Structure formats: structure tokens, C-alpha cells
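Consider the two complexes below, in which chain A is the common component and chain B and chain C are the respective partners.
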Partner chain A sequence: MSLVEYDVIIIGAGVAGLTAGTLLAERGKKVALVTAGEPTVCLSTGCIDLCSGADNPEEAIDALPAQHPFHLVTRQQIHQAVDDFKRKMAGAGLAYVGQTSRNRLVLSAIGTFKTTCLIPESMQASPQSEEGKIHVVTFACLKDFYPGYIISRLKNASFSTYDAGISTTMGIASLFEDENFLESFLLWVEKQNIREDKIAFPAVLGLESSAAIREKIEYRMERPVFEIPTIPPSMPGRRLFNCLKDSFHRAGGVIYWDWQATGAEKSGRLIEAVITESHGRPNSLNAQAFILATGSFVGGGLRADHSKIIENIFDLPVYTPGKREEWFEQDYFSLNHPIGRAGIVVDGSFRAVESRWDNLYVCGNILAHIEVLKNGCGHGFALATARAAAESLLEAGR
Partner chain B sequence: MKFEHCIRCTICVENCPVFRVNPDFPGPKQAGPDAQRFRSEKDKTVDHWVMLCSQCKRCDMACPSGVEPAEIILRAQQRYGIEHPRTAAHLLFANNYYLSQLGSLTAPLANRFAAAGIGKKILQRMGITTYIPFPEFSFRTMKKKPKPAGKGRKKVAFFYGCFINFYRPDIGAGIIRLLESLNIDVVLPPQWCCGLPALGNGNLALARYFAGKNVDSLSDYVDAGYDIIYSCTSCGLCLLNDYQGIMDIPRAKKIAENTYDLHEYILRLIIEKNIRPEFRDVSRSVAYHIPCHLRAMKIGYPAADLMKMIPGLECHILDDACCGLSGSYGFKKTNETTAVQLGKRAVSLIRKTGASSIVSDCGSCRMQLGGLSGMDAFDPAEIICESLAIDVKRKNTKNREGRKIARPLPSV
Partner chain C sequence: MIKTDVIIIGGGATGCGIARDLALRGIPHCLIEKGDYAAGATGACHGLLHSGGRYVISDPVSARECFDENMILRRIGVKCVENTGGLFVRLPGDSKIFRERFLRSCNEIGIPTEVISSTRALELVPSLNPEIEEAVRVPDCSIDPFRLCMLNMKTSELKGGLSFTRHRVIDVLKSHGRCTGVKVIDMGTGEQKEIHGNIIVNATGAWADQVAKMAGSEVPLTLSKGSLVITNHRLTNMVINRLRLPSDGDIIVPNEAVCLAGTTSLAVEDPDKIRIEPVEVDTIIGEAGRMIPHFNNTRIIRAFSGVRPLLQSKKADSREISRSFQIIDHQNGMFSIVGGKLTTFRLMAEKMVDTIMDAFNLKKECETAHKPLDGQEELSGYPLSKRLADMKNIVCECELVTRQNVERIIEQTKTRHVGDISHRTRLGMGPCQGGFCTFRALGIMHDMDILTPEQSVGALRDFLQRRFRGIRYALWGDQLREEQLVEYIYLGILALGKTIEPG
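After this line comes the complex of A and B, so read on.
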């Protein structure tokens, strides 16, 4: 028995968990979210991939294999999830652009193009082909960004280097929050005699005030400015996480940090509480219903031993693609590793099939048959299934 | 220590307040798991920058792989502390308990010294910064009260901590009256500094000495059926985590199993329908700055839950920013710029809420945020007392915590 009883407990603070939690809190539920640490969304590019198999993500979704869980979500739910997301992010000062009917390209840090659907406004001016005339501004000794990769692939690109006195992504991003630094940077960049149409930066243009910083540079340089996502620490990923977290807080949700759920209290067909390890008294939290959004292997929802794949908290049945030797392809860079299909199989109500829990819903990257890398359905899939799972939970409560 | 579990995702670095503003600190990943691979038992430590870590524990909270970089750094700090001559500031703050006893005994004198120009100069010479006024010693500290007075439905032993004892016994008295009004018997057991200041200044032996004495004393009360209550979240974290962890104190588990945050305890009694306090209207808007160490306690924000029950009270919860003072950390000259920059950021977030005053469980958070903003800073217990019409003779802090800062702040 725990201290406080919640209506719903969400496990996992990624895009799926925070989205489901916000929606439920907005519908009047008393919601808590528990998380082992910060989610993999912080490491992401901040772009919302919906489905990258075709120019039109909606058609790409239709063409996914029959067992893909994207088919459990209606078109209307996808639209609502995306509209809701865009509205909330814009309200939080992190505007996203793009439509569910059209994919677009984003220039990557190695000069290739990534296909995605919704992008933060800071990447809106990213060129759509190798012909793009861009000038890359980078920073002395910045370990995580080498403009040479981009220059070698894009014919009409050049670069210059500014010495910020600091060589880390985080450090430079927080310097940009300082007006004096921004001003001295602008004085320098104005002298660079940039001729290209657009100016590109590694994604270090501020943390909280990124939109204002970018607009100021655009105004002074009289041309579009865009960010190129970097390897972690990824500022666009961090900004996305911060805004999702803020909207969850604003809706009235509570987050328990460093609260790694290690098991559950069960009774009949119901989960009654989740448990975490503690130095003192047993630490548990009760709720009427639970949403499992712990992600896949990297997120911490699944783990594998030598013979099987295990769901870490409730020991739900996991779909496993054959024997261990069949989990991988020989080509490391192949997008077809069968391990990408491992996960929890759910029915239309987003409850795990072959499991006896009536009040446990599952969404996001832990679901089976997603193949995120192959299908390019990352955060967009999380947004859509989170909404569908939350709606199913509300429906069952009626 | 699980430094091998680090996948180098840098989420800890993104959460490190010190790294954000001080380029001399390599961040929790490098100072923690990365450097740990090179730390050898045979060689003398050279990583002086471990002392720049403020032990806010935000990296421990954020790590998705369970590495606990702050814990790794804390251990490195202890070793550094043993192997290298300690600065005057480190020595003083490690022994803060004894110093404060002296300060309280000579309160009128000590306060005048700390506030006077010459006193400040001497403090600065010793490597202690004076950008916010030193807290004012209280001549009357908490009186020991080892036996219960009445026959309440619950018996608690109150671990009040040094801040309440030496600087704000008025808050301590308010908490006692609050508990008594809820029909709870309160005793003040013999107690010493929790040990955290010693630990934070690289003196594990002294920390263990304090911890051992506290456990001896508190253990008797647990045996006699008392629950232990703390109100300072850093003392609490130390009692619950560090006694069992780095200090390795026997019987620490028993203490942890019976120790509660003040508000967690009251909330529990309300939920179990043991008490039904009648909260009265407190029409005000407050910014609740969550201390980093409350966040690290894994119990949610119980004071926020209580304040939600108070009609008329608008409570903005802020848990993203560290105040930067971190106990004695920000009082050291070497950390002054870091502390001020972080404090200013926390204050700007508070101002954005439009709240009229600050609330925080931690005395040093209140000192920093009140000092930098000039706003009133309250303990949540003070707000709850107000709502329950419990008279608290609040120490007049306006002229110190809230006064205009005499010296211009270091430019950041």
C-alpha cells in the first residue's frame, strides 16, 4: 500500500509516456509518471518521424506489413495526435512545421539527408538537395561536429570557424543564452562576408531561448538560418523533452525521478501498484490503471539474455523473432535486423495479448513489429500510439 | 559503483548545472565514470576538478543507465580530501557544526562580525565569498527535549538539522507546534550535524563520526516506537542514503526505514484518515523551488500535495533549476561565479511565474534565492502553519535576507 493513490501511473518519460500522461491529466485524471532516468528522446534529433517509406507518410503507413501496430491507430487519431503536439509545442515556444501528408529532408551532420515528417522551426530552412548553397558556421575545437563531411558532399557549401572559448555543445548552447556573447558573435559573423543563401549551424543556438536567438541572427544576416542536428548532447532533443515535460506539468501531472519500477503488486486481473527499490521503507505507488511506455532495448523496457527477450517490469509475453542466432543480419548497417521486431504484441485496446492484466496499457517503442530504423517511424509512432492507448484507457473507465 | 554501465549518452552532462556555467568542470560523465577508469589505488589523485562538483545529484537522477556519477565523484572527493591539503574554507565548512555552536553562543558578536566590512574582508581572505549575507546566528537554539509531553496518537522524534537549530529556531518551533496541533507527540532527541557538510568538504572521517553519534541516539527512539522526522531535505537525503551508502554506518537501515520527510508524514496521516486538518484560505501566489535533494528522495513533492489542499494558494512548482548554493559549496570563493550564475537563472524562472514569494524546504536554497532576489523565502511548514492558524513568531529576516546587496554581484 502506498502513500498516494493515482488514477493512472505512466511508466517511462519518453515521447509516448509524456504525451499519454498529458492527455490523461487534461481529461481530469490524477496522473503520476515514474522514470528510471531521462529518456532517449534527449538523444534524438528532435525531428518527428512518422513513416519514411514514401513521400507521403500516410501512404507509407498504409503500406506497412499487416502486423505493424501502426494499423491499430486510426487516421483521425494520427491527425489529432500531430495537431495536438504542434499546438502544445508552439505554445511552449518550440514551434514545429510539417504535415502528416508530406515527408521532408533534413541535412545531417555528415552531409547526408534524413527523411522525416515534422521538424522544429530551427531546421525549416534546411536545404532539400545537394545543390543547396549554404555557409556552415562551426566552433573551434567543437568535438562533435566536423563541417568537412558536409563540404565534401554539398557542392555549394563553405564554412568558417568561430572561437567561442568553449568546445562542448552544451557549453556553447548556454553561452548563446547570454546577450553579450550573442552580440560579439554577431559582430564576428557579419565580417565573414558570407555569400551563400543560407547559414547553417550545428544545433547549439541556445537552450530556452533558441527561437529568439535564431531570429536575431536571421535579422542581422538578412538570410535564413538553420540548425543541423548533432550527435548527443543534442539540443533539439533536449528542447523537445523539456517542452513535453512542461506540458505534462502544466496539465497537473507529477513526475517521480530516478524511480526505476522493478516490479508490481498484483491482484486477480489487476495491477495494483508499481514498486521501486529504496534504502528505507518499501517504496510503491498505487493506481487504478497503468501505461507502460518504457521503450525498447535502449530505452530500458526490454532486455535480452542468451535465450529470450524479457519485459522488465511486468514480465509481459514478448514477441521474439526466432532463436537468438536468427536475431541479427550479417551486415551491421542493415536495417533489417529481426531484433527490431521484438516487443509486446497488443490488441486494439492497447493491452498486451496473452496477458491477464485488464488495467495495463502499452504504447510507444516497446510494441512488437515496429522496426523503427527500417520504417522510420520513431517519435510520430510514439505520439499516435500514446494517444490511442490513453483514449482506450478512458473508454474502459466509462 | 557502476561506472561500467555508462553508455556515454551525455544525458548527465545536459543536466549538470555546474557544467553549464563553469568550463573548468569537465562534467559528470568525465569526472565520474570516464575518470573512474583511470583512478588507481596506487597513484595520488590529480583530479582537482572533482571538488567543483556541487553534489546536487541531478546527474544521478537523470542517468538512464543507473550509473550514479555524483556518487562516483563524491568518493573521488573524499580521496582528494585525504591526499591533498585542504583549504581554510573546506576545513571551516566541514566543521560547520562546531563553528555554528560557537556562533550561536556568541550570536550578537558573531553576527556583527559577519556583517561588518572587516569581518567580510577576513572571510574573503579565507576564501569565503560574501555575495549574499551570511545567515544570522540565533542566540537561542533548539532546546533538547528528550521526553514526550503528552499522549498523542503518534510519537515522533524531530531531526531538525543545523540550519533550523543555529539560524532559524523559529521555524523549528513552528514545526513542533504544527505537529502538536495534529495531536502528535514531539521529542527533540540528542543530535549532531547530519555529516553532509563534512562529506561535501572531503572529510569522510568526520562525517562518519557525526553519523555514528546520530544513529546511536535515533536508534533508541526507533526502538521505543518513535518515527523520525526531518524537515531539511539535505539532512534527510544524508540520513537515508549516505549513512547506508558511502558512510557505511551499522544500523543505518533501521534509521532509514523509520525516517520520514515532515510533509510526507503529515500527508500520510491525512490519507490514512488519522487526521483531518482544516486548512484556511491563504490568498497568495508562491513559487515552490524544489530542492535538488528533495528531488533525489524519490518520494515526490509531498509539501506541494499539502499546499494544493490550501484554498486560495497558488503554487508554481519549479524543479528544473538548482539554486547554485548547494550548502557550503557556493560560499567558497572558487565557486562564487558558478553559484551566482545558477542562482540568477533560478531567480529568473521564479520571476516568470509572477509569484510574490518563494517557498523551499531547504534552508540554503532559501538563503540563496531570497538573497539574490530580495523576495521573501519561506519554508513550506511556515505556509502550512499560516493556513492552520498556528502562530509562528517569525524571526525578522527582512533586513538581512531581503536587503539590498551591498556589493555589486560579480558580472556574469
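After this line comes the complex of A and C, so read on.
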């Protein structure tokens, strides 16, 4: 028995966990969140993918296969989740643009276009086709960005290279937080005689003050500036995580960092506590209800061994697509790898089917049948299911 | 049109060894390879420099050859051989009679052995199964087959030898019933050239029959597929063999930062159509796990297969067919050299070149056993401190390969293939299997302005597809987790899925 008893404990600090936690804390619940470490949102582009199967994400959602868990969320819940998200992010200085009725494109670091729904303002000026006239400013010895990929595909693009002496996106982003650096950088950019309509940067324009930094460059260069998301570690992903985390804290939520959940204390049809390992010793945290938002394989919510896939905190039944040799198709690019359907199957109340726990709710990327890459159901799906799971928990009077 | 004396087809260890031997004896030559060096069985093996112990009972002649060559290669190739030493471990239930025969045969053949207690064996290799009964120490080593080929080719290059990688022989030219040259096609550009020579050496391993047929000859081969798995770390510092008749999954070899375990032995028809079966992976892990129990829980980063070209005989199990080699004179200017094994490649090359010298009626002694391999002084030996000093420029964190290493290889080889860089630097051979560094290696090619728009994304797709073939059957645990991250990066963040590109 822990010293503090919470109303709700969330497991997982990704988009789903933090969103559900914030909503519940705002409704007066005493909420704690346990996480094994930084979530995968820090590795993401920061874009909010909702559903990429059609120009209109809402229509794309309707067209998803019947067992897709997006069908468990109402249209109103999706709208509310997105509106709430946009309002909170704007308030935190990380404005997002876009509507649930329209997908848009973001230029990738290899010159292809990624389909997404909501994008951070720093990507708003991203061109929508290969005709875009852009000038890419890159950084010497930055390991994870090579403008040649983009230049070779976009005919009207050119680039120039600034030597910041640092090889990581994180390192360069922190340089931009320094006004003196920004000023000397701007003097250099002004000398580059840029003719294109827009200026692109790898997503390294600051971490905490990214909006102000971008606006300053736009003002001085008199044209739109946009960021190109990089491979991990990704600054837009980290900015998103920071803002979600701050709004959870502001709502009164508590986060237990480096608390790896390893099991649960159970009684009858209820989960009583989650057992965690932190700093080498076990702890348990009691609560009235629990939300499992630990993500899929990358996030650590699911784990595969030679023959089966398990969820090892509550030992929930996991939908497993056949034997191990059937998890992947031969063609790497097929997007139909059956492994994408692995996960927890839930009912309309977001509780796992074929399990007896009345007070355990599941949301986000750990759910079965999502097929994240094929359907483009990313952070937007996490936002929507987190809201729906939290509302289901509240409705049950927990 | 190119004129030379000897045309070597095949850039595996045998072909590269022949090129070096010819170079040292002053014979002009030209080597043709359809992929990269070590692309066939040479690069798809354990990387084990046999002490001979493995063959003492089934093939004593091979065993002795192995031992002699082992001693030579550890002397001439210090930068590609690691003197790990090896153990043959006997598990409960393994035959004691076999042990006696093994020790007696080693003694007769002249392979030094030392029987050690299980306690001593566990001191040497703490990860061993504590239940082993005893172990026999033998002089096994590990060898880097890629580096071995490159170093052999270095001598050829220094002496003016020619070589064309990514060139496939499409026809053998003949005149009055004799082979006079070959017609080759550049696999990159489609351009064809003719190379004329007096003697053609067919050192194409599993493809030997296909090549011989172009000259109207044949080479009866039995093809035996062997599969291996690679772990993400070095579970042992010594080579571990099972003290029993050769069977599946009974050898574990440490190589740089990883371990390789295998093999299996399955007859196949076509060397270009091999795939690994999930059951092979499970068998190897299970058997290796009996010798080193941690094998069952460790991360398998890749599984792959190679094809052993074995001289045809009536024996049913391909493991019992002699692995000693044979030189076939097709009586038309073409010689095929088949069989053998990585450990004896130098001896095979020596005998082949002796035959060529006789044909040319020339006399010059073979020097390959005495002269150290050229080009080794350039290799740093890579002390960790040196590799980490330049952290900023490391593009492959798993194998500590720097941007400068990559740029040098691109400049030297003019390659557009990430695989060629891997073979020469180990880029992409660590736990992420090129997940991060391939994007970077191709990015560096972009910086050097040598990729066309078509090659750009096409090369990434091509690489990922090939990479997936190797890792597909080793996907569970942390390796699956990493694979999903890589998939998310390339298909999600970089939106590589929707672009259809040539190449």
C-alpha cells in the first residue's frame, strides 16, 4: 500500500497518457503518471497524423476496416480532442495549424512529402509540391541532415551551409536559444543572397523559444521560414512533449519519472495498485482506476519473444497475428505487415476484451488493429482515444 | 577491348587469392566479379580460421591443410586474423568415444590440443554452459573475410592487375575450340566490354557450373546451403565448437563486436534462389544455446545463408563430402577451381597458379605464404580511444565508422552502393543494421554530388529491402523493437513508402 492514494494512475508519458491525464486532472481527479523514461513522441516529427487514407482524414477514418479502434471514438470526441489540443498548444507557445477535414503535406528530409493533419506552425510554409522554390540552410557536420536529398528532388531548390561546429540537432537547437549566436547567424544568412521564396531549415530552430526565433528570422529575411523534420532525436517532437507535459503539470498531475511499471496488485475484478521498479527497489502506487498508454513495441507496451507477444504489466490478452514467421511480409515496403495489427483489443468503454478488470482502460498506440504506418493513425489517434478512454472512465463514476 | 594473360572470374577469397599470387609472380591478370568482393560464400560464413579440428575425423587431408594455412595466415595477415584460440566443448551426453577418436586424430595429423577441465574452460569463457564435462583447446582463430579479400586485391592493384566489380560475365569468347576471353556487362551502366586472355580461371564457387557451361564445359557440384545468425555482442572471446560429429549450430565465432553462430546444411538447387527458414534460426539458437546458454536471450541482429560449392560425390549428407578442393582443366583454356574452404583459400590459389605457370611454361616460386598481405599498414587496428577521439564525425555509432572513412571508400571505389562501404568499413554491421547510418552514408554521397535524383531515394529503398531480407527471421525482442523504430523513421518520418523509384 502506498502512502498517497490517487484517483487515477496513468502508465506511459506519450501523447495518449499525457492527454488522458490532463483531461482527468482538469475534471478534478487526483492523477499520477508513471513512466519508464522519455516517450517515443520525442522521436517523432511533432506532426499530428490523424488518418492518411484520403484527402479528408474524417472520410479516411470512416473507410477504415470495421475492427479498427478509431470506430470506437465519436466524431465529436475527435473534434473536441483536436480543438482542446490546439488551444492548449497555442497557449503554451507551440501553435498548431490544420483541420480534421483536410490532410496536408510536409516536406521530409529526403525530399519526399509526408501526409499529416495538424502541423506545428514552424512547418506551415512547407511547400506542397516538388515545384516549390526553396532555399535550404543546413549546418556543416550535422550528422542527420543532408540537403542533397532534397535538392536532387526539388528542381527549384538550392542550399547553403553554415558551420556551427556542432554535429547534433539538439546541440544546434540549444545554440539558437542564445541571442548572440542568432544575431551572428542572421548576419551570415543575409549575406547568402537568397533568391527563393522561402527558407527551409532542418528542425533545429530552438527548443523553448522556437516561435520567437523563427519569427525573428522571417522578419529579417522578409520571407517565410519553415522547418523540415529530422530523424530522431527530433526537436519538434521534443517541443510537443514538453508542452503536453507542462499542461499536465499545470492541471495538477504528478509524474513519477523512471518508474518502470512491472506488474499489478489485483483483487477480484479490480486492479488495486501498479507495481513499479525505480532506482532498484519495488514500489506500488494505489488508485481507483488505471489507464494503460504504454504504446506499441517501440514504446515498450508490447514485447515479443520467439513465439508470442505479451503485455507484461497487467498481462492483458494481446491480439497476435499468427506465428512468428507470419508477422512480416516479404516486401519491406508493403505497409501490410501483420505485426502492425498486434495489440490490445478493447470494447466501446476502452477496457480490454476477454479480461476481467473493471477499472483498467487502454488507449493510444498499444491498441490492436491500428496499423499506424499504413493508415497514418499517429498522434491524432492517440489524442482521440485518450479523450474517449478518459471520458469512459469518468462516465463509469471512477 | 582489354588484353591480359589470365582472366579470373569470381571475387571471393579464392579469386582474390589467385589475383595476389599472380601479381607476386608477375603475371598480368584481370578479375571480374558480379557483385562486390566476398559477396558469395566468402562473406556468408562464420569467419572462422579453422585449426583443422573440425575435419580431423571426416577429412584428415583437409584438416592438415587447414592447420598449415591457419599458421600461415595468422603470420601474413595480422590485421585480418584475430588469434582467439578455440575450444571444443563436450556436453553431458556427447560421446566419449568421439572424444578419444578426436584427440587421437589430432595427434596423428599434428594439430596441437590441450584437454582442460570444465573449471578451466569457464575461466577462459565465463559464458559457457557450466554443465560442460570438459573442453579441448585448439588453435582456432577468427578472420575478417571482407578485409581478407580487400588486402589480397591490394597486392594485385599495386602490381598493375585489373579488376572489375559489379561486372557479370555474359559470354565466354572462343576461337577454334579454345577460350580466348569473356564478354562482360557493367551491372551499373549496362555497358559491355570484351576482355581477352590466354587462360580463364573459373573461381565462382556455387556459380561454377553456370560459368563453365558458357565455355561448353561443366562442373558437377552439390550445393549446400548453410545459415548463420549474428548476435549484437561478443558472447565469447574464443571460438566455441561442439565436440561431436559435425552437425547443425555447433560453432560460435567471435568477430569484432559480434558473434556468429551456425550453421545448417541443406541441399539447394539454385544459388540465386536461397532463403532462410525460420526453423533454421531456431535450430541454430537452440544448439548454440546449449554451449552458451545466454544465446537464448541475446539479441539476434541478422540471419543469413551462404552456399557451399561441394564437389559432387555419392555421399548423401553434404557435410561428409570432401571439402578439399579440386582444379579441373577443361582442356579449352578454362580451369575451374572448386571445393575447398575459406581457411585454405591461399593454398588453393597457390596450386591454381602453379598450374597456370606450367601452362605458360614459366618458373617462379609462390611467395604468398611468406610475404605479409599488402595494405595492412594503412589499417589502424582501431584502438577504441582512437575511434572515439573524433565523436563528432562518427556516422555509424555501432561500429564507430567516421565520415572520413566513408568519403575515402567512395573516392577509392567510386561506388554508389552502401554495401560496398559496409564491406570495407563495417558500417551498418552493428545492432541497428544500418538503420541510421545508411541515411547518412547516402547523404554523404549527396554531399559529394555523385548521386542522381533517381539513385537518391532508390538506393535507400533498395538497401532497406535487402536489409530486411537478412533480419526478417530474427525479429523478436529488442531487435523487433529496433526494427519497428527504423520502419517508423523511413516510412513514417521520411515518407519513403509512397515513392516509387527505379533502382
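Assume the second predicted complex is superposed on the first by the 392 of 398 C-alpha atoms of A that agree within 3 Å, B and C clash if a C-alpha of one lies under 4 Å from a C-alpha of the other, contacts with A are read in each partner's own complex, and residues count from 1 in each chain.
Here is the rule we use: contacts are C-beta pairs under 8 Å (C-beta built on N, C-alpha and C of every residue); 3 or more make two chains touch, one makes a residue touch a chain.
All figures in this text were calculated on a predicted structure; none of them were measured in a lab.
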Key: Which of chain B and chain C A:Lys114 touches, first, second, both or neither   = second
Chain B or chain C, by number of chain A residues touched = C
Key: Partner chain(s) touched by A:Arg153 [first = chain B, second = chain C, both, neither]   = second
Task = Mind working out whether A:Pro232 is in touch with chain B, chain C, both or neither, as first, second, both or neither?
result = both
Message = By the touch definition at the top of the document, which applies to A:Leu43: first (chain B), second (chain C), both, or neither?
response = both
Inquiry  = Just to be sure I read the superposition right, which of the two partners does A:Phe297 touch: chain B = first, chain C = second, or both, or neither?
reply    = second
Ask   = Counting only touches as set out at the top, which of chain B and chain C does A:Leu187 meet: first, second, both, neither?
value = neither
Shared chain A surface residues [contacts with chain B and with chain C] = 43, 166, 232, 300
Message = Give the list of chain A residues in touch with chain B in this complex.
response = 3-4, 32, 36-40, 42-43, 165-166, 168, 170-171, 174, 178, 232-233, 238, 242, 249, 254, 256-260, 276, 278-281, 283, 299-300
Chain A residues within the chain C interface of the complex = 43-45, 108-115, 141, 143-149, 151-153, 166-167, 229-232, 234, 296-298, 300, 303-306, 324-325, 327-328, 330-333, 335, 339, 372-373, 378
Remark   = In the complex, the residues of chain C that touch chain A are 278, 282, 392-393, 395, 403, 436, 439-440, 442-447, 449, 451-453, 456-457, 460-461, 464-465, 467-468, 472-473, 475-477, 480-481, 484-485, 487-489, 491-499
Task = Provide the residue numbers of chain B that touch chain A in the complex, in ascending order.
result = 9-11, 13-15, 19-21, 23, 27, 60-66, 240-241, 244-245, 253, 256-259, 264, 267-268, 271, 295-296, 298-302, 305, 317, 320, 412
